[in-house]
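Next, two complexes with chain A in common: one pairs it with chain B, the other with chain C.
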Partner chain A sequence: MRFHERFAEKNRRYSGNSLAVFWIPGMILVGIIVMALLVIAIPVLRNPEYLAGAASDPVVFQAFLVTFLAGFCAVGILAITGTPLAYALSRTDAPWKGIVETLVDIPLVLPHTVAGLMVYLLFMSRGLLGAPLGEIGLTFEDAFPGIVAAMVFVSIPYYVNAVREGFGRVPVQLENVARSLGASPIRAFVSVTLPLTTRHIMYGALLAWGRAIGEFAAVIMIAYFPVVISTLIYYRFNTGGIAESQAIAFLLILLCLVLFFVFRFLTRRAGVYDDRS
Partner chain B sequence: MIAVEEVSLTRGNFTLSRVSLKVPEGSYTVLMGPSGAGKTLLLECIGGFKKINGGTITVAGKEVTMLPPEKRSIGFMYQDYSLFPHLNVEENIAYGLKMKGIDSRERTDTVDMLLSSFSLSPLSRRYTGSLSGGEKQRVALARALATKPSALLLDEPFAALDPDARLSCMDEVKAIQKDNGLTILQVSHDRDEAYRLADQVVVMDKGVILQTGTPAEVFSYPNHPTVASLAGFENMLDGTTGVSEGGRTQLLIGKGSIFADGIFPGGARVLACIRARDIMLTDPAMVRDVPLNRIEGEVVSTVVTDQGYQVRFADPFSLTIDIPGNQLSKVYRPGDRVVALLAPEDVHIVRLPGSPVNGGSAS
Partner chain C sequence: MGEMGGSDRDTGMRSVAVALLLIGSILLAGCSDKGSPSNTLQVIAAGSLLAPFAEAEQEFEASHPGVDVRIEGHGSIQVIRQVTDLGRKADVIAVADESLIPDLMYRPMKNSSQNFTDWYQPISTNEMVIAYTNKSLYHEEIGPENWHRILSRPDVRVGFSNPMLDAAGYRSLMVLQLAEEEYSDPTLFETIVTDHFPSTITVSAEGTVTTISLPEIMRPSDDKVVIRDGSIYLLSLLTAGGIDYAIEYRSVAEGMNLSFIPLPASINLGSAEYADRYNDVTVVLGFPRFSSIGSERNGRPVVYAVTIPANAPNPELAREFIEFIASESAKGRPGWPASLEERAFL
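Up next is the complex of A and B:
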């Protein structure tokens, strides 16, 4: 453990006993999450035939594949477009900055059905973006790009806000020094600012990905097919009953837990320097 | 040489107004001023980080006004050194060489040479977060010098160091500057730094250059109240000029008066600047016949200092007086009646803004 990590540890740990006062109300929330996991897990584990059925069902496999792939595509698009936006927002004091920040936050406050309606109207075959993109062969209605578009739309604030926060923590003086040493603005960004924001970028990507794969309302409004996992769970809930949907939900939870854990484990050391203040 | 001519910049409520200064080739100039004077802003303008509204900036004979920072060949060092925390010492020093496309063999040679000359070789693989203040400063200097800049801009480079490290770091920087013939412009608010390092001192306040000269000139003969305050005059007394005769001018201060060398027009508002160490304190009975600048008053308070002790004196006006440790034969206490003696040549007069300026000649 490096010196500054040890120092941060020392400053973070609480030495008194009264932390219990904070734990007790906090545990109510944790308890609700644990109970919610148990009401899914216990029936599934009692009747493993449903779990085996779901795990071997090609439709379920297909839905997982589409969901996770669309999630990765959405995060990729956000990384390419959201990272520069987050940087620009973090480095400007322009009077219109607040307007852009509010616009970025809009998907956060809208009901998901409204977000879905907006995505549909924008990307439908006669939509403002859907029509010209349709001309070049990119269709969104009931198609994979439609799922990605809905996922991108609802995850924008999660990614942009997390990354903007990271850029804000990199002092502009570091970029100035890099420039004085011969780096162009882009090279200073790539060689200094970006590495120091790695952790925030990864955190933003994880949040955005989680938000994207969980999206239901916005996705079904533009693309009911190909079926994503949340659509499939809802469909099986209505047609096959609770037991069937529970098994798929349990699989999703299991996969997400494993993926999140692996991600956090692999990235635990990445970008530790962006906590520099 | 760095030449700044008529540089102007407005940033919110703050304005740099037609600032001009010259840092001669191979010299060390210290830019001083109170907080908010615009020192760092001026440095950032020279470095190219802030776009100026008017004027020109020339570095080593080349006009750089419109050039981006990476094309100016100016090294820049901030108060916190702004080392790249994701790179180790060696990579920090090599950064500029890499950006300039120097091939890896030459890069390694230059970095090795700098690591060794800055005594950083044992730290080459260390990350910057674990370095001491002095080590960080050496890395920042080595990094700035690696690309052989035409000039170096330092923004309060010693402010973050503890007192012991400060002195040795200052000596190191001065030695490096002399050995390499570097042109350095450094921001500071510390007079001792200026005395120790500077060939030239430039004082600015509120975006305007007030005075330029050698440290001795600027601190002994300030021409503005702000410069006098930076020069460390413990006594800065508001007064009005009275009659002048025999090369001296009477100054009316509070309920009393003193004489200062120099002829000044009467009725002008001035600041009489007197160093605490230049005033002598004695018993009234001892100096009954002194005709000039014999000020009788009362001791208000005393404070022990590392050089002796300091007396606050009042009535007819307040004075701060340093009593050196080797003159402790008589210790004054609050309430004692005393006489302060003062040579007219030790009274430096600064005209206050708005007062008449014609006909005066300061000491």
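Up next is the complex of A and C:
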């Protein structure tokens, strides 16, 4: 075990020498992201009154709250429904598997206004799902559940594909060993497969959450209210001009940087076993 | 490192070269785009002008070989902000409310003493109608005499665009307010609008003038009224059957093949004759603090206007395009905003 680790360590350090070849073109992308951040950050920091105004504005605060909470709810729903789907897809050889995989990818290619219209048709209060759910008191139009529905729809492929990739890396033999020792399929899944896939689940959740909170077109079709952060940025651009919308965008970036960093810190040890390959 | 270092550096150099090539070609592509300004015409237009301008684009390009007209659509306020706030270069700016141009563009450009523009040309007019489809509740019953009673029914859902973003939005409110007097129905505005925004929309009367004050965020408290950013979203909802009636421009309803109820000239904001009557309604928009736009919108006839920003890359061609649009608008083409002359504006 120790030898193995030392070997891995040595291996990593050795390859570090020739990475320049990869860093240089790669840095173009990183450079573009950094420059994009700077062009937002510099004007905002030059006019701090807009930033202070945005930071102390209850409308902005509420929009952040709604957006982040809806994002968490969307990820929660994806975790409950998407994780079993990802597992089933990674383990089945059924001939119709390809059809399901294609369907899962559909939200990825749809223009977001079209995705928004589909969500609207389905969940509006006279819609296929919206009408029966409305009977039991769950309304989607211009309501929090509508935001969550749109967010879930657009982020399905991000979550399911990332998690399925993780399940695919867990050797089926490990599950079979657990089964041969008397574990039920559910138990084998929960105590063997799931822990080994933690990192991919976390990654899928992060991708889906990021996708969800950035969604604009699909959300405003079904739920223009309560206002999510992307709606507010667009709205303030129209009503107050670019300085106001940039200040809110800057706050969004700061909050997301902090959240992503905390997330990476908290999950840095999670699911290290499935890193072996 | 040793020997390996040499080959490393070579590959390193190669990738630097590749990267430089890549950046170079991107820059070149950018330059070549600007290399031929004489035949590209950038038009930024209000959403309700997109369909007619798409026709105009084809005809203009056909009569001006080699010219590429590029049309981009936004809400009228955002059309102007593309130039004033985002600093984009446009040749023609076209908006659905002529008063927006002096409000937002008669001010100096960044690092310049020159204004964004100092003039505008009215080109056409429009009128508000009640648009619906054959999925709308009570569509078999509705007509020019009873539309206000149908819209007041509690199960009927009415949509209009956000008054803060879209001229059609505050115009819809004006129409409903004017309808109170027209139909001697003093609770009309209350029933269709105010009741669904408890204590956030206030209506006050002083002499003959009624002032409607809106909050910053216009969130309805129930699903009787639906607000969306602009026509595209509103009409998607209408055709999807989520809302029953939308207050829209006549040219848009015609262009989208929607059924619509025309309104009397005294309330439809489409006639110069009734300008004084329209002026009895004022909508005060609830803009936040740093707003750069006049928040008071007085009732007046709908007048579309165009201008050429002072920094337009291609002003001569823009001038030709505006003349073409103006002369075509004067013909009163189907699906286009109406001719000014025909409606007694000239």
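The rule is simple: the second predicted complex is superposed on the first by the 252 of 277 C-alpha atoms of A that agree within 3 Å, B and C clash if a C-alpha of one lies under 4 Å from a C-alpha of the other, contacts with A are read in each partner's own complex, and residues count from 1 in each chain.
We take it that a residue touches a chain if its C-beta (ideal position, glycine included) is under 8 Å from a C-beta of that chain, and two chains touch if they have at least 3 such contacts.
These figures come from a predicted structure and were not determined experimentally.
Look at chain A after the overlay: chain B and chain C fit there side by side. Residue contacts after overlaying the shared chain place A:L196 against chain B, while chain C stays out of touching range. In the superposed model, A:R187 lies in contact with chain B only, and not with chain C. Touch criterion met: A:N176 reaches chain B, while chain C stays clear of it. By the touch criterion defined above, A:F216 reaches neither chain B nor chain C.
More residues of chain A are touched by C (comparison of chain B with chain C). When both complexes are overlaid on chain A, the residue A:Y120 reaches chain C alone and has no touch with chain B. Look at A:Y235: by the touch rule set out above, it reaches chain C but stays clear of chain B. In the superposition on chain A, contact of A:E244 is made with chain C only, not with chain B.
Between chain B and chain C the least C-alpha distance in the superposed model amounts to 30 Å.
Partner chain C is touched in their complex by these residues of chain A: 17-18, 20-21, 24-25, 28, 50, 53, 57, 59, 113, 117, 120-121, 124-127, 139, 141-142, 220-221, 224-227, 234-244.
Contact residues of chain B toward chain A in the complex are 44, 47-49, 68-70, 72, 74-78, 80, 82, 84-86, 95-96, 99-100, 127, 129-130, 143-144, 146-147, 149. Residues 1, 4, 8, 11-12, 15-16, 18-19, 22-23, 75, 77-78, 81, 84-86, 162, 164-165, 216-217, 219-220, 223, 226-229, 232-233, 236-237, 240-242, 285, 287-293 of chain C touch chain A in their complex. Those residues of chain A that touch chain B in the shared complex are 2-4, 171, 173-174, 176-185, 187, 191-192, 195-196, 271, 273, 276.
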